[in-house]
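One structure is given below, represented as structure tokens, and several questions about it will come after.
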Amino acid sequence: MKNGNVAVIGASGYTGQECIKLIQRHRGVSLRYVVGNQSAGQNLNAIRPAFPSLPILPFPEVPWSQVDLALTCLPHGPAEGESMQTVAALRAQGVKVIDLSGDYRLQTPATYQTWYGHAHQHETLLKQAVYGLAEWNRTQIRQADLVANPGCYPTACLLALLPLVRHGLLAESIIIDAKSGMSGAGRSAKIGNLFSEMADNVRPYGAGRSHRHVGEIDLVLGQYGFSSGITCFTPQVVPLHRGMLCNLYLKTRKDLNAQAWQEVFQETYANEPFVKVLPIGQFAEIKSAVETNLCVLSLHPIPDGVLIMSAIDNLTKGAAGQAIQNMNLMLGFDEQEGLL
Amino acid sequence: MKNGNVAVIGASGYTGQECIKLIQRHRGVSLRYVVGNQSAGQNLNAIRPAFPSLPILPFPEVPWSQVDLALTCLPHGPAEGESMQTVAALRAQGVKVIDLSGDYRLQTPATYQTWYGHAHQHETLLKQAVYGLAEWNRTQIRQADLVANPGCYPTACLLALLPLVRHGLLAESIIIDAKSGMSGAGRSAKIGNLFSEMADNVRPYGAGRSHRHVGEIDLVLGQYGFSSGITCFTPQVVPLHRGMLCNLYLKTRKDLNAQAWQEVFQETYANEPFVKVLPIGQFAEIKSAVETNLCVLSLHPIPDGVLIMSAIDNLTKGAAGQAIQNMNLMLGFDEQEGLL
Amino acid sequence: MKNGNVAVIGASGYTGQECIKLIQRHRGVSLRYVVGNQSAGQNLNAIRPAFPSLPILPFPEVPWSQVDLALTCLPHGPAEGESMQTVAALRAQGVKVIDLSGDYRLQTPATYQTWYGHAHQHETLLKQAVYGLAEWNRTQIRQADLVANPGCYPTACLLALLPLVRHGLLAESIIIDAKSGMSGAGRSAKIGNLFSEMADNVRPYGAGRSHRHVGEIDLVLGQYGFSSGITCFTPQVVPLHRGMLCNLYLKTRKDLNAQAWQEVFQETYANEPFVKVLPIGQFAEIKSAVETNLCVLSLHPIPDGVLIMSAIDNLTKGAAGQAIQNMNLMLGFDEQEGLL
Amino acid sequence: MKNGNVAVIGASGYTGQECIKLIQRHRGVSLRYVVGNQSAGQNLNAIRPAFPSLPILPFPEVPWSQVDLALTCLPHGPAEGESMQTVAALRAQGVKVIDLSGDYRLQTPATYQTWYGHAHQHETLLKQAVYGLAEWNRTQIRQADLVANPGCYPTACLLALLPLVRHGLLAESIIIDAKSGMSGAGRSAKIGNLFSEMADNVRPYGAGRSHRHVGEIDLVLGQYGFSSGITCFTPQVVPLHRGMLCNLYLKTRKDLNAQAWQEVFQETYANEPFVKVLPIGQFAEIKSAVETNLCVLSLHPIPDGVLIMSAIDNLTKGAAGQAIQNMNLMLGFDEQEGLL
């Protein structure tokens, strides 16, 4: 019997749709309300025939007392229909929240201002938010009322980096060459995201330290004791809908061989259901992670360091799947529930 | 030595870009001016590094007396920046025009009004315009000052249908199942045309007689003596940038065998450089036509009729390539010049 | 608690992998054994990291008494490693079987011989096999020991055709233009199925009545009283991995309007969880069915008939999903279990 | 009038087909003979309808005295139907050769043995072969009888690296993250290259110094005075047919700003028609190079170095286009002839 009631805020975007799909499979929670801005007034099954018949409501018109937890799948920002104020309003109603935007990830107002270019308007809430990287933050997530679900690039990169940081192995040079599926660009009408622009294309859209996710990764690395940050992060879009591959070229403090690198990672993630370290000689590829909540890692020694390949599905482990994983922790379900 | 001067109006859309690419390869004409609305002020090589360095001009600021022929690659319609008035202004300057929009294809104001939903404002010009299907209209095109370049679907369908009409073989049932690459939807920002919406998708967007190209095909069939028109035309987009395949399920007045159908078509197109009739047993596929100016046809007898598969590249034979073919006729070049 | 034990025979092909994925999500059955030919000796999670750790066994080495039901995901044919003999061996052991190949669909040895070109070697079993189109055959499937899971094209086409046949509405002309994702071609190394051959391509590979699935569709239509069969079936591959769209151009005995067609289909499928009839004016598209067990239908009146668009995921409703649906009926689970 | 006679050896592979396409557009040479192994006996236009009608001949049966230059588009290796012996046989007939395989690129038998794992059987010829990177080797190519056409990865990487080497700016750390379209894998039937395996996928297939092209790049860098070689080269395939993007993360001897890096490259390539250095702030992407003979470069300062993005079409500048460029030099045509 399902005894949790969940609302999804932001029904028509790609992460919102993925949350709804995963909640349908969950044995413990029901999709009680669905909220949309542009889609309010429609039925949910008009967005996708496999979705249940439910009215899409405008934001305020929800009896929040009946909701145990809300997943906010909105763009970041302080405006109406964006995440910052919506999350605050939900928390004011006593609803537990998992926010899939970037608004509550950076933990201090100054850091938020630096990377997002405007002030945060809910500083207390920002400080209370727990960073939802379950493999490294499980205890806190279990007790949280507000979880900031990690970004897709940070998820793939931090799961590759933190084992090294914890063992003091990472030296001061992190080069990340990252490829993302197009769903990472969101469901908004821009010429650059048209099929005809991206079919048969690979397009870099940043270099150095320009992408907001650099700030997010640096912050978490700092909390684990690595303070020099990323050297270069190159985000790129590739012609596929969902999936992500990050190649991390790392200088390390020790020059280990393949077997030794394997041991560091296998020991770290031995009991993690959603992190798979591939055998020596295999390569992480996007296909091995798509439509799963896995992070698939492979390790390749290079002179003075190691190359780590990290593959996830940006919509699952990089967004909705990780959110359900966090929900399971917050509501007391088995962590894998609904995620097979 | 190049002795023709050509202008391309509408530089940033897919057909405009394709015209520029083909003119670069042409031995007889130079790309003298490039005109754009949104892109005016930019250099042409900012749109595509392989393009020559040329300023993109706003529409009226061109010394038209130096231009022999203009290719208008604009959306249809009567507004500024659309084709109807632009073509008229160019003709008023004495410039020969090949219009790649639908504005001058339907020949009578009433037919235009029926299919486009608004009145035509240049009726005389509309009546003077010559339909640019070179294989069937070569003599008129050679003498034309204004050519209406056929639509992509009509090109693929008429080259398949007219041999039957000319021989009185076509009976009153024409079902066309048509698949187009996404460039046919143009370079405008719509959610439905996003990579993430169309990757891994096939999407019908019409049925019956709703598409404007039904009017265009019917009109031409009527001129060759077949008056009952299309029964059902199903346009669909498929996940590829360029290319088109139309399957025409036809009832015929005679029940011929495969060899007899071959003879009808091989005889019709024996001397046509841009129409290839495949041997019996082979199937026209999109790949065989892409990046060429070919229409590739295959014939398959069915009970009481024939199935014809017709493949073209919608940007080449269905737009820019056919326009260059028409330009070659209008300016006296070899019909194949620039099209290999 | 899971109380059914299932074996999947043929672990490395696309339908076998899909069966395994769906069984992982099922609350009532466990994946007890996995059998492979080429992959025997490997661990299942080497094929896909998200799969459980299980040894892949060679065919005979399975304690069949511990298995309630086997899903055979093999190529059709009488040779070792193909379906015909494997199914018979499993039945001889008393194991219930759902066969995903074509070997047990055609019900009589003569029909099988006609379409598959060789004799059937297990005629009794062939006659006992129940055709697994659940929406039309549910009672028989519940009591079956051997279910022949329908082909992908027949699933999409029969769900569109049978409501008309049952009401005596179908006249003697059935034209089907069908587009399939590349997984339908199987996981075998052929040049025509290479990425570089099929990216940016649409390729027909049959016309008329040449495809085996014509025999399968005709047979079922005949059982429901329509004996004149398909006029023309055009199978085509499109550049996507999974998904299928069949456009059925049908002559009918009555000329109904859109509302009337809707009523015929809505009434037929009112209580079916896996068939969705879209509202008037919408078009079935592949995206709406992919990664679901749905058949999505849309209806479009044409002169003297109706065009039906039918979209399924060829790997789910067209193969593994329908197999799980049948398994649920055979083992007494809720028909939707594991299929959300 | 065309006065050069060219033969293409290896007609059915992707590079052979591309050579034929480009020769069709060339004003100075004719496609005199086409040679194939598997395709011998077929007509060339059966491979692609746009190709001219020419018989495909088996290898030895060509009157070589009528051929000025042959383009060998074969796999590398010493066996019949591979490049090593074929090139030697052609040179023995006095035919000028451009070899598109790797067999004549590595210049010394020892280096060849190291990277290809078997002995070279034509050492004299190997030493005579001129490396066909026209922008850096034009004078030698003009006088060559045998040109080893560079590999696709080396072309993209060397055009990015050599300006730094020439100015003594490159320090000892070269990390290259490279993405290639699937045509780079050739037209051979392997499961990993199936559409269904690579659609929606990005797949690394090497790390460190394992790829043969590392040897080729190192060799050329050494000839220009940089002897420490590549640190890590990561080849990956992406889901597109043609195109390549290499991101080179480089440590440099000076820490220049963006403007200074621009000047180094703009000065080097100021007069090169086929190398485009993008303005500061733009990113090289695959789309900007596809179906052109361009190498498109963009420069991005990073701490202690520079990131260079280098985009080419692997079939054009990375194979057939560069071969035609070399042919133009060898036969005295304008270097750009046939390449617009």
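In order of appearance the chains are A, B, C and D, and numbering begins at 1 in each one.
The definition used in the following text is that a contact is a pair of C-beta atoms (placed from the backbone, for glycine too) under 8 Å apart; a residue touches a chain by one contact, two chains touch by 3 or more.
Predicted model, so just to flag it, every value in this text is computed and none were measured.
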Task: Contact-pair overlap exceeding half with B-D, pair selected from A-C, C-D or A-B - done: A-C
TODO: Farthest from chain D by Cα centre, which chain is it? Let me know.
DONE: C
Task: Distance from chain B to chain A - Cα centre to Cα centre, in angstrom - done: 46
Open item on the list: I'd like to verify one number: the distance from the centre of chain A to the centre of chain D, where each centre is the average of its C-alpha atoms, in whole angstrom.
Closed with: 40
Task: Residues of chain C touching at least two other chains - done: 181, 197, 199-200, 239-241
Open item on the list: Which residues of chain A touch chain D once you look at their complex with the stated criterion?
Closed with: 175, 177, 179, 181, 197, 199-205, 207-208, 231-232, 234, 236, 238-243, 245, 247, 249, 283-287, 290, 300-303, 307, 309
Task: Touching residues on chain A, where the partner in the complex is chain B - done: 14, 181-183, 185, 187-191, 193-200, 239-241
- [ ] Please give the residue numbers of chain A that touch chain C in the complex, ascending.
- [x] 24-25, 27, 45, 48-50, 199-200, 276, 278, 288-289, 291-292, 294, 296, 340
